[in-house]
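There are structures below to look over.
In the two complexes that follow, subunit A is the common piece, with subunit B as its partner first and subunit C second.
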Partner chain A sequence: MAASALSKEAMHPFPIDMYAYQNRLRDAHPAEKMLFAGLTILICLIASSPLVALLAIGIVTVAVVRVAGIPLRAFWYFVRLPAGFILIGVLTLAITSVDPANPATLLALPIGPWHVGVMESSLARAVQVASVSFSCVASMLALALTTPMVDITDQLRKWRVPQLFIELMVLMYRFIFVFIETAQAMYIAQNARLGYSNWRRSLQSVGMLAANLYLRSQTRASALFTALTARGYSGELRVLTAQPTWSRRNLVLIAGVESVLLLAAIATW
Partner chain B sequence: MIASIAHSMPKQRVAMIVIAGLLLAFGTVRSAHAMHISEGFLPPTWAVLWFIAVIPFFLWGLRAIAKQVNRSPQSKITLGMSGAYSFVLSGLKLPSVTGSCSHPTGIALGAILFGPTTMVVLGTIVLLFQAIVLAHGGLTTLGANVFSMAVIGPFVAYGVFKACRGFGLAWAVFLAAALADWATYIVTAGQLALAWPAATGGILESFIKFLGIFSITQIPLAVAEGILTVIVFNLLLQHSREVLVEQGIISDESPEPATGPTAATS
Partner chain C sequence: MSSIDPTHTHAPGIAPSPGLQDPEEFVAARSNGDQLAAREPVDSKTDGSPGVLAAESVTFAYPDGTVALHDLSLTLPQGRRVAILGANGCGKTTLFLNFNGILRPSAGTIVHNGEPIQYDREALRDLRRRVGLVFQDPDSQLFAASVRQDISFGPLNLGWSEEHARARVEQIIVDTNLTELAERPTHMLSYGQKKRVAIAGVLVMEPEVIIADEPTAGLDPETTGRVLNLLDSLHHAGRSIVISTHDVELALAWADHVIVMHRGHLLAEGPPDVVLADDPLLREAGLLQPIVVDAYRQFCAAGLLPSSEAVPRTVSDLTALLVRHAAPRTPPNSPPD
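Presenting the complex of A and B:
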């Protein structure tokens, strides 16, 4: 059910990236979106209260679905991506060694000389960490789903992040797509020849794929260098950057929702 | 006995329901990147501290790369490609014994092929992309993830690789990959334990809990990744020995690895 409804997401190697290029906030100033995501994450982390986190998830969902026009199902699918880590993590926090005589102990199972179970405080902590974590994931997705990587690197350039770092980011980002296509083609060819019919063969096939991809990447690098040199490359990649404009309406909106969140954080302190 | 607990008090019943719900949800999610600390999981103090911890390594790596780029402008392009390769490598599906798929980290392969200082910078960008494009890991937890996966992992891999060359190339590669994975997960467990110590047992109890949880997936995964890295390395030796020699990864006269942990799989 989920697979068919989200076939668009499942087909694209990076569905989050796909939405970044086709949403209603695509042309908004990247710094506005970074400000919104950054402030929301900051308030949620510092408040570390489940209520503030729930409010933030609500605000972010409205921003992503109503303002940016990203389908709710898709947004929800992405929010659930890190759920494996978060749930395993908070389960580990909830289940702890307990003293069965303590009235705050909710559950105690004897294992050898110890008691393992759940305490009121450990359960509260698990709920708190899970809710804060999901609210931060949602906030980060609000940025990731609306801002293409090129806009982020442009913005980092304006903030004087070392040029070398930015250039490596740009090169890597471009060639990730090339290599993924290559890897997919190799995988299909291997799979068609029963390369993944059992575990041992699968391991051998993945190994062949990785080795071949490494050689391709190095060949590709020298080919690109030759092509760039022929066009006058002397160590710096010059690119035109877009000139986004600030929107007063967006800034007022961000200020408004962030103050609501901040007030909620202060109220639950 | 569990039934008697569930009937005794409403408070306990609530706890049972919450835990059962979490377990149920846990059963339906796939744990793809178990070692990435996800966004928002670390309190602000720890998030900032791990950023501060990785800054010296990052600057060291960036300076090393800048020197290399000044010597030859081609190396910038090669590094970009290598970084893109590292990203794709970490996204390949690794067949696991249990049937579900997991992902190799590629930390050791990257560290051996590109050097550990370079991997700090490339690994940072890989983790940044994974956070933004794949929602694996996070921006506030980037410092912690860079520390475990782009600093500790590559340096352990490289150190083990150099130290174990005497056992033969295959064993050196296998141990580098497996131990780098374990070092990474031990550091991640430590980071989580420091941030969230247990109420009674403190940091140690929390560390043991996280270590135990990770060990279920990470011990077999590290062995699988070790074998995979040896397969990749052997193929590179067979088909493009000159590339490895050229980049100074192996010396020209080192013997072919005929035996080692992959003897069973080939």
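Presenting the complex of A and C:
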């Protein structure tokens, strides 16, 4: 069956999901993991200090690799994914118009009557933003790699996050995979008929794929609505949530680690 | 004569292969005919009883003007295994959506347990609990992130208490052998697994009748066996089961009652060994005569069997017939007179 073969293929672009279901923290209370990620992000953002951010990255890495048992290589692979965005973003912070006479100017390039370059303060700002960004990315990933989406939405339900928000999350998450499977099946079908034999054909084929994908997703949405209606859907996607147990040990550990981070933040204030 | 080995004469639509683990029971039941033979003879006529669901002069037209059902009247008998046969686009799915109250006939009525169905919110909720619909494409039915959550969707819509819903969901997971998959995300399941979860998601609502749209389409023989076993066990629990299919072999061996539809019309209904032995009718419906029936006819034509016998429903039924009729000619160890 093509569909089942494709669903395995479709897992490849999302190994995050695979780790989320197969790590040593899989059965820990999702709120603990959300608390850990959330507090770490909060402290890093408030402290806005490269040192605190680096410490946080270290703590998160240990948690992901040593505690959850996710390979370091995999973790770094995901942390590096948004690196391009972050670096381009902070480049514009580092490079400003400078006064070459100012002793704080590290680098100055004359462009016409102006000078463009890097100043101590702009570099510091760039390093700060980059390190804080990476620490937040790492914390978010620690959550994503250890907690399946279903646990996160369950927990959000318990925290009474608006239903609409959660339903959108659930449906988007489900349809990412349906979408990928559909797109992949179409791509293979096009490719089999030499749809990507040259640049021109490739552009045409991608265009058709995108248009078709839109139509398909419309059909999918109405089929889903019909199927949900058949099961008594009346405007609310309610499902049973799991009942995980809290771990005293984890809570103590989180409290300890976050206190260290908080102390570091106060020290670097 | 009696050397025909049933295991070598399987119809292509059934194609059980030896060495399967779980569906062996199903395969065995089909190839030796024990279960089929043991079944009490069912009178396929509905005896004027209203049946669990009925369509009375139902016409249905889609908004684009396509008329999918033309003045259709048929009855789904209570507690039976019904197969609805017909070519693609003959209106099977449209009929199912009418039975579940999702579509409303343009003319005519849908009757449930003798009463015309009502389309107010409460009545529809009750109808959808009693009439469970399993869709052909499980991907359009499964929406939740995990198997257990998806199964729990229906019960919570019925307004059951959380404890009751939780208990039912766990029970169904056990009953349908989904324990190992319960925590899995739905997108990591194979097509056949998705199909089983889709059935469980309907079953958990405790419907009186389960309507499955092409439950075996696209499934390998092993998974087909599992799905049919599951449907059979639901039938044994007293439910009416309705499936749509193109598979005439499956309908002949499995169903108690068959309905043949063609372009939104009812072409025939009745016992499978009568309806599915009517070659001109099947051709008109865009179907073919089951291979067992074809073989039986050819044996009759060749003088190997008298045509007075009831049409066999499985390869083993046919073999039994041949053995029975071959025996008197060459009596083994006949006592000397």
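Here is the rule we go by: the second predicted complex is superposed on the first by the 236 of 269 C-alpha atoms of A that agree within 3 Å, B and C clash if a C-alpha of one lies under 4 Å from a C-alpha of the other, contacts with A are read in each partner's own complex, and residues count from 1 in each chain.
Here, a residue touches a chain if its C-beta (ideal position, glycine included) is under 8 Å from a C-beta of that chain, and two chains touch if they have at least 3 such contacts.
All of these numbers come straight from a predicted model, not from anything done at the bench.
Of the two partner chains placed by the overlay, neither subunit B nor subunit C lies in contact with A:247.
In the superposition on chain A, A:228 contacts both subunit B and subunit C.
By the touch criterion defined above, A:128 lies against neither subunit B nor subunit C after alignment on the C-alpha atoms of chain A. In the overlay built on the shared chain, the residue A:46 is in contact with subunit B alone; subunit C does not reach it.
When the two complexes are overlaid on their common chain A, residue A:85 makes contact with subunit B while staying clear of subunit C.
Residue contacts after overlaying the shared chain place A:173 against subunit B and subunit C alike. When both complexes are overlaid on chain A, the residue A:149 reaches subunit B and subunit C alike. Measured by the number of subunit A residues touched, the leading partner among subunit B and subunit C is B. When both complexes are overlaid on chain A, the residue A:218 reaches subunit B alone and has no touch with subunit C.
Shared interface residues of subunit A, touching subunit B in one complex and subunit C in the other, are 17, 149, 170-171, 173-174, 178, 220, 224, 228, 233-234. On the subunit A side of its complex with subunit B, the touching residues are 14, 16-17, 41-42, 44-46, 48, 78, 80-99, 106-107, 118-123, 125-127, 129, 132-137, 139-141, 143-144, 149, 152, 162, 164-165, 167-176, 178-180, 183, 196, 199-200, 202-204, 206-215, 217-218, 220-222, 224-225, 228, 233-235. Contacts from subunit B toward subunit A in the complex involve residues 5, 11-12, 14-16, 18-19, 22-23, 25-26, 29-34, 36-41, 43-44, 47, 62, 65-66, 69, 73-74, 76-85, 87-89, 91-95, 97, 104, 106, 109, 113, 121-122, 125-126, 128-129, 131-136, 138-140, 192, 196, 198-201, 205-206, 209-210, 213, 224, 227-228, 231-233, 235-236, 239-240, 243, 265-266.
Of all residues in subunit C, those touching subunit A in their complex are 97, 100, 102, 121, 125, 128-129, 133, 135, 137, 139-146, 148-150, 152-158, 162, 165-166, 169, 183-192, 201-202, 205, 218-220. Residue ranges on subunit A touching subunit C, taken from their complex, read 1, 3-4, 7, 10-11, 17, 21, 148-150, 153, 170-171, 173-174, 177-178, 181, 220, 223-224, 226-234, 237-242.
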